Amino acid sequence: MSNDSTNQGLSHFDASGQAHMVDVANKNDSHRSAIAAGKIRMKPETLSIIQQGTAKKGDVLGIARIAAIMAAKRTSDLIPLCHPLALTRVTVDFSIEEATATISCQAQVETIGKTGVEMEALTAVQVGLLTIYDMCKATDRGMVMTDIRVLEKHGGKSGDWVSLIDG
Amino acid sequence: MSNDSTNQGLSHFDASGQAHMVDVANKNDSHRSAIAAGKIRMKPETLSIIQQGTAKKGDVLGIARIAAIMAAKRTSDLIPLCHPLALTRVTVDFSIEEATATISCQAQVETIGKTGVEMEALTAVQVGLLTIYDMCKATDRGMVMTDIRVLEKHGGKSGDWVSLIDG
Amino acid sequence: MSNDSTNQGLSHFDASGQAHMVDVANKNDSHRSAIAAGKIRMKPETLSIIQQGTAKKGDVLGIARIAAIMAAKRTSDLIPLCHPLALTRVTVDFSIEEATATISCQAQVETIGKTGVEMEALTAVQVGLLTIYDMCKATDRGMVMTDIRVLEKHGGKSGDWVSLIDG
Amino acid sequence: MSNDSTNQGLSHFDASGQAHMVDVANKNDSHRSAIAAGKIRMKPETLSIIQQGTAKKGDVLGIARIAAIMAAKRTSDLIPLCHPLALTRVTVDFSIEEATATISCQAQVETIGKTGVEMEALTAVQVGLLTIYDMCKATDRGMVMTDIRVLEKHGGKSGDWVSLIDG
Amino acid sequence: MSNDSTNQGLSHFDASGQAHMVDVANKNDSHRSAIAAGKIRMKPETLSIIQQGTAKKGDVLGIARIAAIMAAKRTSDLIPLCHPLALTRVTVDFSIEEATATISCQAQVETIGKTGVEMEALTAVQVGLLTIYDMCKATDRGMVMTDIRVLEKHGGKSGDWVSLIDG
Amino acid sequence: MSNDSTNQGLSHFDASGQAHMVDVANKNDSHRSAIAAGKIRMKPETLSIIQQGTAKKGDVLGIARIAAIMAAKRTSDLIPLCHPLALTRVTVDFSIEEATATISCQAQVETIGKTGVEMEALTAVQVGLLTIYDMCKATDRGMVMTDIRVLEKHGGKSGDWVSLIDG
C-alpha cells in the first residue's frame, strides 16, 4: 500500500503522521513547468498612479517583477517541506484591467528536476503582489490580493494538469 | 512640498522617480501592530483530510503556522523596499469553515519601531496559505488562495486603520 | 601525491594550507545517504510537559522536526566549506527515554550528488535539539545536548560507513 | 493566571496550545549576555592534525570560529520561535584537552534587547563544532559532539543564572 | 591600554589575535550615515544599450538599484564580523559618463545605531555594479569595476570623515 | 530572430523589455569554470599590520577567504536574475604587492551546470575585498577596491574567453 493511501493522500506525512521531506531520489529528472496567477484589487486612483509610474518613473511593476523572480529562488527556504530545485527559467508578467482596478500577476517557472515547480510559481506570484501592496500602501491600505492559484503544470509522473477555472 | 505630493503618493520613489528605502530615522519608535488575513478554498474532501490530521497526526495547520511565523521574520529579505524590523510578537491562527471548504489564516504582528508591520503580517498569511497548498497539492491542485488583506493596523504617525471590508 | 597526504588528511586545505571548497567535479553523481543522531537531557518534569503537549497541544517535537528539516536545507549556508546539494529526502524522528529524561533525535538525509550528506544530517539534529531547548528553556535552563554524531553513511567513493558506537 | 501556568511552563504556546512568537513588547531593553559551551571528541591523531594546522596552515579552529560567529547572527532564521535580536558582541573560544582528545568551544553573546541570547550562544557553539567536524570528517567520521549547554546568562527580568554543572 | 593598541589597530581581533564581533553595547545609539561609490567601465556600445533600455524597456539600472538596496540589508550575513543593524534609509544613484563609457554608482545608507554603516553602503555599491555586469555580460565580458570606496561617513564617536580623493 | 537581436544583446530582457530569468533548460550540463580578480589599495602601514597578522595572529586574509567562499554560494540570492547553481569548487587566493600597498584577490569557481560561473567568481572577489576593508577600516577608511573583473571563463556554448587586460 502506498504512502499516500496510508495517510489519506497527504504525502508530506509518513505512516505515523510525522512530517518529512518526501523521498524523490527515484523520480526521474524531467523538464517540469508550472504557471501560477493571482490578482490585487485596488482603488482606481491607485491603479492610475501605478500606470503613470510605469511609463516614466516610479516603476512599481518592474520592482515587483524582480521581487517575484528572486522569491521563486527562495521557495525552499520558506516552505518547510519543499525540495530545493535549480530553476532553469522564471518569468513574471503583469496585466492591468482598468474596469475592475485590478492588476493580475502571472508567473511561469521551469526546471529540469525530480519535483514540480508549482510552489515556486505560487511564491513568485505572492511576493510580486505583496511588493505592489508595499509600494502603494501609503495611499491605499485596503488593497486585496485574490484568486492566487496554479493555472497549469507539466512534466513529471503526474503529467499535465490544467485548471478548470477560467484564468 | 512633501515627497508624497511630488510623486503622487508613492513614497517608495524619490522626486525623480527612483526607488529608495525611505528615510525613517526621524520617526519615533512606537508600539505598532497589524493584523492581516486570507483564505484558501479547497475541495471538501481535502478539508476533511486536514481536519483528521490536525486531531491526531499529519498536523498541516501546525506546520503552516510555523512557516508563517518564520516568514514574518524574513519579510525585509523578500520585499525590496521594506525596512528590517525587530518583531516583538507574531501569532498566527487558522479557522475552518466547513460550509465553504475554506481555511482562514489570520496573523498578528507587533514591534516597537519606526515603521509599521503590515507587510510582515501579510507575508505570514501568504506563506501560511502557501504551506497548506504545498502539503495538500498532491490531492487537490485546484486550491485557491483569496481575500488576502490587512484587517487593521495601529501605532505610528498614521495611527489606527481598520478595514471596512467584513473580515 | 594526493592532496590528502600533502596536507595530513585535511582535504579542506590545499597544499599551502589555505582553505578551499574542494573540487568535486570529477566525482560521480550517486545516491548518498547519512543518518545522524543526538540527545537532549532534561529534568523529568520538563519531559513530562513535552509528553503532555505532544498528545494534544503544545507540540514541541512537531515544531522541532520542522526546524530540523528546514535547517538541513540551509547547511551549505552555515558550514563554510560545504558544497550546496539538492536534497532528495529528509526525515527526522524523536524518541523518548523516560528513565533518563532524555529525548533522542535521529535525522536521515539523502541526495543524488557528488558529495555526502553527513553535514546535512548533523545540522538537522543540532537544530532539532536546539529548538527543543528553545521551547523549554523557560522551565529548564540546564538541559544538555549530547552524543551528537553520524551513525552511518552510504554511497560515494568511500562507500558505507557505520559507527561502532552503540546508537 | 499567567500564560506559563495555563500552559505548564511552555511560554511558546498560547492557552489553546498553539505555537506563537511570544509578546516581548513590554519587556525592557536591558543588557543581556549568555555563555554556552560544548565539546567535540575525536581520535588523538585527528587532534594532532588540527594542532599542527593551527600553528601554521590549515587553520581549522580559525574557520570554525568565523562560522560560529556568523551562525549566531542567523539564529532567529533557524529557530522558529526566536525573536530577532541586534547582537552587540560575539566571541568564540576553543580550548584543547589532549588527554581526552577533545576540543571545547565556548561562545559569549551579548545584546541590548528584550529577550535573552542563550539561543544565539548555543547556535554559535553548535555550528562551531559542526565546522570542525566538517573539516576533519575525511579522516575521522566517528567524532562526537557532546555536553552542549548554557553555562550562564545575565540580564532581563529573570536575572542571573549559572549552571551547576562544572563547565 | 586599549584593544586597538594591543593589536595594532585591528579591532576585530582580541589581544590573543582571535577574531570576534566587537562589543558595542556601550556605544550610544546615534544617527549614522555613510556614502560609498564605485564605477563600472564598459565598451561604448554596451553603455549605449543600457541607455536605450533605461528610457523605455530593459531597465538595467532600475534592477541594479533594487539589487543594491536589498544587498545593503544582507550585509551582516555576508561580512563575518559585521554587526546586524536596522537600516533607516538606503538610496542608490547611478550616473553615466559617456566620454569614458562608465557608470558610477553611489549609495547612501543611514541608521540609528551603535556602529557605522560604511559596510552597508559599500555592499550596496558592489552588488549594484555586479548586477550591471550580470545583465550586460553576454555582450561585454571585459567590463571592469573600479574605484569602490567610502566617500564620507557621519555620526558615532569617530564623527565625520570625508575622503580626500575626488569623488 | 533571436531574443538577443530583438533586444540588442541584453538576454536578461524579453522582446517587450521585461526582465526575466532566462530559459536555460535546453543548455547542456557541462563543466564550467571562471576566474575573477580584483584589488584593494591601502596605506603601507595598513598592509604592514595585515602582514604581521597573517603570520601569527589576526588572520585578516584567512577570514576574508572564508567570507569570499561563502559569498560565492550566495550569488543567486544577491543577483536578481542569476540562476542557482550547485558549485563544485571554489578557491580564493590573495597576493600582496608591497610596492603599491595593494592586496590582490583571485577567485576560481567551477560547476557542472547549464550556465557559467562568472558571477559567482566576481561575488567571491567583491566580498573578499569587502571583508578586508571591514577588518581594517578602523585604521584606514580610505582604502579603495579596484580592477574587479573576470580574467577568464571556460565551458558552455560560448566556450573559452580570456581577458586581454593584463591580470
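We call the chains A, B, C, D, E and F, going by the order they appear; numbering starts again at 1 in every chain.
By our rule, contacts are C-beta pairs under 8 Å (C-beta built on N, C-alpha and C of every residue); 3 or more make two chains touch, one makes a residue touch a chain.
Note that the structure is predicted; figures quoted are calculated from it, not measured.
Engineer: More than half overlap in residue numbers between the two sides of the chain A-chain B interface, or less? Answer same or different.
Structural biologist: Result for this pair: same.
Engineer: Between A-B, A-E or C-F, which repeats the contact pattern of D-E in over half of its pairs?
Structural biologist: That would be C-F, since it shares over half of the contact pairs of D-E.
Engineer: Note the rotational component of the Cα superposition from chain C to chain F, reported as an angle of 0 to 180 degrees in steps of 5.
Structural biologist: Between chain C and chain F the superposing rotation measures out at 120 degrees.
Engineer: Roughly how many whole angstrom separate the Cα centroids of chain D and chain F?
Structural biologist: Chain centroid spacing, chain D to chain F, equals 32 Å.
Engineer: Distance-wise, how many Å sit between the C-alpha centres of chain E and chain F, to the nearest whole number?
Structural biologist: Roughly 16 Å, centre to centre.
Engineer: Which residues of chain F are in contact with two or more other chains?
Structural biologist: In chain F, 18-19, 59, 62-63, 66-67, 70, 74, 77, 80-81, 86 touch at least two other chains.
Engineer: So how do the chains connect up here, line, ring, star, complete, or something else (other)?
Structural biologist: Topology of the interface graph: other, matching no listed pattern.
Engineer: Got a list of which chains touch which?
Structural biologist: So the chains that touch one another pair up as A-B, A-C, A-E, A-F, B-C, B-D, B-E, C-D, C-F, D-E, D-F, E-F.
Engineer: What does chain E use to touch chain A in their complex?
Structural biologist: Against chain A, chain E makes touches at 59, 62-63, 66-67, 70.
Engineer: Going by the contact rule set out above, which residues of chain B touch chain E in the complex?
Structural biologist: 14, 18-25, 76-77, 80-81, 83-86, 113-114
Engineer: Considering only the defined contacts, which chain B positions touch chain D in the complex?
Structural biologist: The touching residues are 31, 62, 65-66, 69-70, 72-74, 86-93, 110-112.
Engineer: Okay, in this complex, where on chain C does chain D touch?
Structural biologist: Within the complex, chain C contacts chain D at residues 4, 7-13, 16-19, 38, 49, 52-53, 56-60, 63, 66-67, 70-71, 74, 77-82, 118-119, 122-123, 126-127, 129-131, 133-139, 141-150, 153, 161, 163-165.
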